[in-house]
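Before we start, here is the structure in question, set down as structure tokens.
Think of it as A, B, C and D in the order they're written, each chain with its own count starting at 1.
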Amino acid sequence: MELLRLEEVSKCFGTREVLSRVSLSLEEGELLTLLGPSGAGKTTLMRIINLLERPTSGRVLFRGRNLLELHGEELLELRRRMVMVFQKPVMFSGDVYHNLAFGLRVRRVPEREIRRRVREALELVGMRGYERRDAKTLSGGEAQRIAFARAMVLEPELVLLDEPTTSLDPVMEARVHGIIAKMRERGMSIILTTHKQEEALTLGDRIAVLRGGRLEQVGTPAEVVYHPRSRFVAEFTGMCNIYEGRVVESVDGECVVRVGEALVRLAGGAGAGERVCLGIRPEDVMLIRTDVPLSRRHANLFTGVVRQITPRGGAMLRLRISGPLEVLADVPRHVVEKMHLHPGGEVVFSLKRSCIRLLED
Amino acid sequence: MEYLLEGIQRALLLLLSFDPYVVSTAKVQLMVSTSAVVLAAAAAIPLAVAFCFREFPLKGFLLTLINTGMGLPPVVVGLVVFVFFMSKGPLGFLGLIYTKEIMVIAQFILAFPIILSVSISAINAVPVSIRETALTLGAGRREVMMLVLREAAFGIITGVLAGAGRVFAEVGAILTVGGNIAYSVATEQGMVTLSKTRTLSTAIPLETSKGDISSAIAFGLILLLITFILNLLTNYLRRRYAGGAAQA
Amino acid sequence: MEYLLEGIQRALLLLLSFDPYVVSTAKVQLMVSTSAVVLAAAAAIPLAVAFCFREFPLKGFLLTLINTGMGLPPVVVGLVVFVFFMSKGPLGFLGLIYTKEIMVIAQFILAFPIILSVSISAINAVPVSIRETALTLGAGRREVMMLVLREAAFGIITGVLAGAGRVFAEVGAILTVGGNIAYSVATEQGMVTLSKTRTLSTAIPLETSKGDISSAIAFGLILLLITFILNLLTNYLRRRYAGGAAQA
Amino acid sequence: MELLRLEEVSKCFGTREVLSRVSLSLEEGELLTLLGPSGAGKTTLMRIINLLERPTSGRVLFRGRNLLELHGEELLELRRRMVMVFQKPVMFSGDVYHNLAFGLRVRRVPEREIRRRVREALELVGMRGYERRDAKTLSGGEAQRIAFARAMVLEPELVLLDEPTTSLDPVMEARVHGIIAKMRERGMSIILTTHKQEEALTLGDRIAVLRGGRLEQVGTPAEVVYHPRSRFVAEFTGMCNIYEGRVVESVDGECVVRVGEALVRLAGGAGAGERVCLGIRPEDVMLIRTDVPLSRRHANLFTGVVRQITPRGGAMLRLRISGPLEVLADVPRHVVEKMHLHPGGEVVFSLKRSCIRLLED
């Protein structure tokens, strides 16, 4: 069931358009990640959903009702079904209990139930017994978790998390991811903004990539990673080999593109003579052993010289290869060892036709 | 030097024996200045809230006006009040010249813009993120306002104390409108001088010029005590809230 | 009302005709207060630098003392100065009572702690990271100090202006030690009153009590002009530096 | 040639020891990354090297001379050969030129040369023509780059970069990495702190892993990734399968460890009966096709059920597999497709003996 729908939402600050006709929907129980660099409009979008900002045009539907047309009590009632956790949470003066109780008190929850729910929420974020601590004396990490508890204690239908892990170290980040998992167990729908590709992919049921206020692509992690629609999405999700070229031949849904001196054959329809942009992930660059005969399967064969070998987190090594086609290739370590590759050495590689994507520029 | 020590000694004696002149002068000071501060706070704080939570035309201009008011020399304020209330002035029919009431009015005008201005600053200094956090947690307009007031409480109290500081030891305005008047009555102990509109602060220059250093010192000591208490309160609040403020 | 307008009219006339009494009174005010502020700034700013860049015992205690000094009622400061310099006082042999010199001393004591305290706050408010950035870029001790002073310049100037604000319209101290004295001389235009130790601020209550509203208004207008200029300067600096301060 | 050497450096704040006997050296031209979570002591170590903090004990040698024993002019001369860029750079009031010129002016460089070098440095960080801009009005990203220029303009021998990319988005991060590359081209030695595993591995010639003020391991990226010495280093560098068990057999440099119900065979000497901790990277978990006969090479065979499949940035998928041994396995997408794996399906996997590491706890 659809919980939230944005229709053609735009937002201008003065003459600067920070959001441009963004349409997006969120299913109940879903976790949507908004991925994009700083200044892409992620936070503004969240603030519009949370009614902290009014869009210049467009509609925001929460369970089918346009939030922008509601007023007074009715609006307050709907707004109380969602909550936002800011990137840099602020604590109210007073103790932790006062902070967690605030949202419940404005909802006229009996104090007795507030006590129970506050205790429960503190336990969920691993801060049991912190009720009487002065909220202003908490460390950054503690305040972050209290901010999560302060939101969860309201049992909202929709939680908006604005860059919850930016500038956290991996230890704290894992902790926050654990809390997010608990939110999902409780059936809360979540929208989370991040500029970390990996986080967006790991956490999101779907990912929306924002760039300069425009929605570049929305899709499952697999769709976004393996079928980036634009050059920007490709670069932002780690497709680091991107070339511009001109189609020289186009037959039967395949075409040949000239990139500098090199000819690249790929699946995809583009008219001859067209200027195109194409990309391939570094893992899809295959090194070819030259001591066995080349099979016909290997299209797009190129030679090059290894310039640099750096380990990637994992058993992969990243090779920078120069030649007619400059590429970065991520290759399993055992392959590199078996082929005795080293900087300065020659290498033959192939680009798999079905892994090369045509990208909008 | 001996003369000085003697003066101090006699001043302490005056204080400890509850000399009627000293007591009545201190009473006038406390009554006038406290009334002025309380009234000014009662008027300024709600106005500050309205100022910060409502949009209206000429807001910027008003703020400039308030800040100018804060910088007005007390003696000029006294003069203006005097001119309005003097017998031939527009409010002269009220007959308030040289009464405690007009002293309260003058000091009210001194305290009001400070309390208003500091309160507005304090409320505006509450980070927008506090308001927004309250909103996102589901607070209504009134609840946001109460929360912001709570966060600004320290600043507002500081403002009231600053108003008190400006008013309690002030001479120019109170001298101009009050006239520094005392009168003598016959009692069983003989003739006794009592204050009508004389305050600690206006009595000091008068007594020194008359050569009654002991009375001047006695008045000075009481004034110091009041200032000391106001300072203590301000410092206590600063220390109590400084940790939180530094965090925020 | 008419009476009031007439008073204002005559006040303007006094100003425009450079009435000797008004001019001499304004002169005394400007000389005394300006000297006090300049001397206080000259003493306080180097002290503030030493205070912030050196460690020494009793530093915290000294800071409390300075802050207390800032809160002292001017009239009490005047009284203390008077007591020290009166003919039977320890410094009586200097014969300074009721002279411009002692007025400068009293106002110096009023301005000094404000300028010192605000300057110290301004220097301490320069983020440690500025000092450390200077150090890591290879600055020596003196160069770090100059840089920090440059960053604190706005705050220090604000402090000087605050000192001027406290001193220019002040009545209590200057009245107590100066005595509000004027004298008459015979000139070709007849008898003319000239100020010896009378200032704008002390003249106003006197003239109102004497019923000479026009002179009081004339003094008030000059005082307002001075205050206005000080405010203008402060606001100009605030606006000029506020952008940068908000960033830091 | 050795540029810097720390010997047994410790630092206490009050009773809290934030650095404990750290010894470390840096060669000329080398880039060393200090990797660790917040609070590991990274920044304190940098501040000690830069003389902003005095260690409680230990020696700091710069070109063989103990910085802690020098004073006055001599000390200043040495300190001027290094510079630190703070995590959150502050700008001096005034224009950009004033900021860049500051360090040169204190070195009494003639104003004419200052102008030339400032222009050059601004070009290096891509901010040509910014000389007259008010430094306080720069955006965060611009200030960051000006801070780099302000350091580079001094042509220091050693640059200390304190978390230069924390909380930057990938676009800005790439830009900063570009600037770092230019520093290296100019022969500057660099120490860089980060909590990002990938950044530490990609940039560093060597990596020093800090934890709670102690140096856990120093080595090349390959050493740290493939031969983590401790459980902490393993976890922090992405070795996410870690088990505790007891050695049941130990022969000829191989041993068998019981982990719960499972027996794991691995290369490594540990006495029978000993409690050990072992780890394997998710990429070293090999899925086995069951439609072909199992070869003898496959030791450590286990069965399990696939619980979850999530894409990792790249052509890899991460499988969460439960069974006698719970593992996370990173598997190329085409393998998963070819084997028709899906959540709920059974799977056989093997842990390669030579990839299993014994870890200190």
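To be clear about the criterion, contacts are C-beta pairs under 8 Å (C-beta built on N, C-alpha and C of every residue); 3 or more make two chains touch, one makes a residue touch a chain.
The model shown is predicted, which means the values in this text are computed figures rather than measured ones.
Common neighbours of subunit B and subunit C under the contact rule above are absent.
Averaged C-alpha coordinates put the centre of subunit A at 61 Å from the centre of subunit C.
Taken as a contact graph, the chains are arranged in a single closed ring, with each chain touching exactly two others. Against subunit B, the residues of subunit C that register as touching in their complex are 1, 3-4, 7, 67-68, 71-76, 78-80, 82-83, 86, 88-90, 165, 168-172, 175-176, 179, 201, 204-205, 208-209, 213, 216-217, 220, 223-224, 227, 230-231, 235.
Residue ranges on subunit D touching subunit A, taken from their complex, read 37-38, 141, 166-172, 195-198, 201-202, 221-222, 225-226, 236-238, 281-284, 310-316, 318, 330, 332-333, 355.
If you check the complex, the residues on subunit A that touch subunit B are 50-52, 76, 79-80, 83-84, 86, 88-94, 102-103, 106-107, 134, 136-137, 150-151, 154.
Within the complex formed with subunit D, the residues of subunit C that make contact are 127, 129-130, 132-140, 143, 147, 150-151, 243-244, 247-248.
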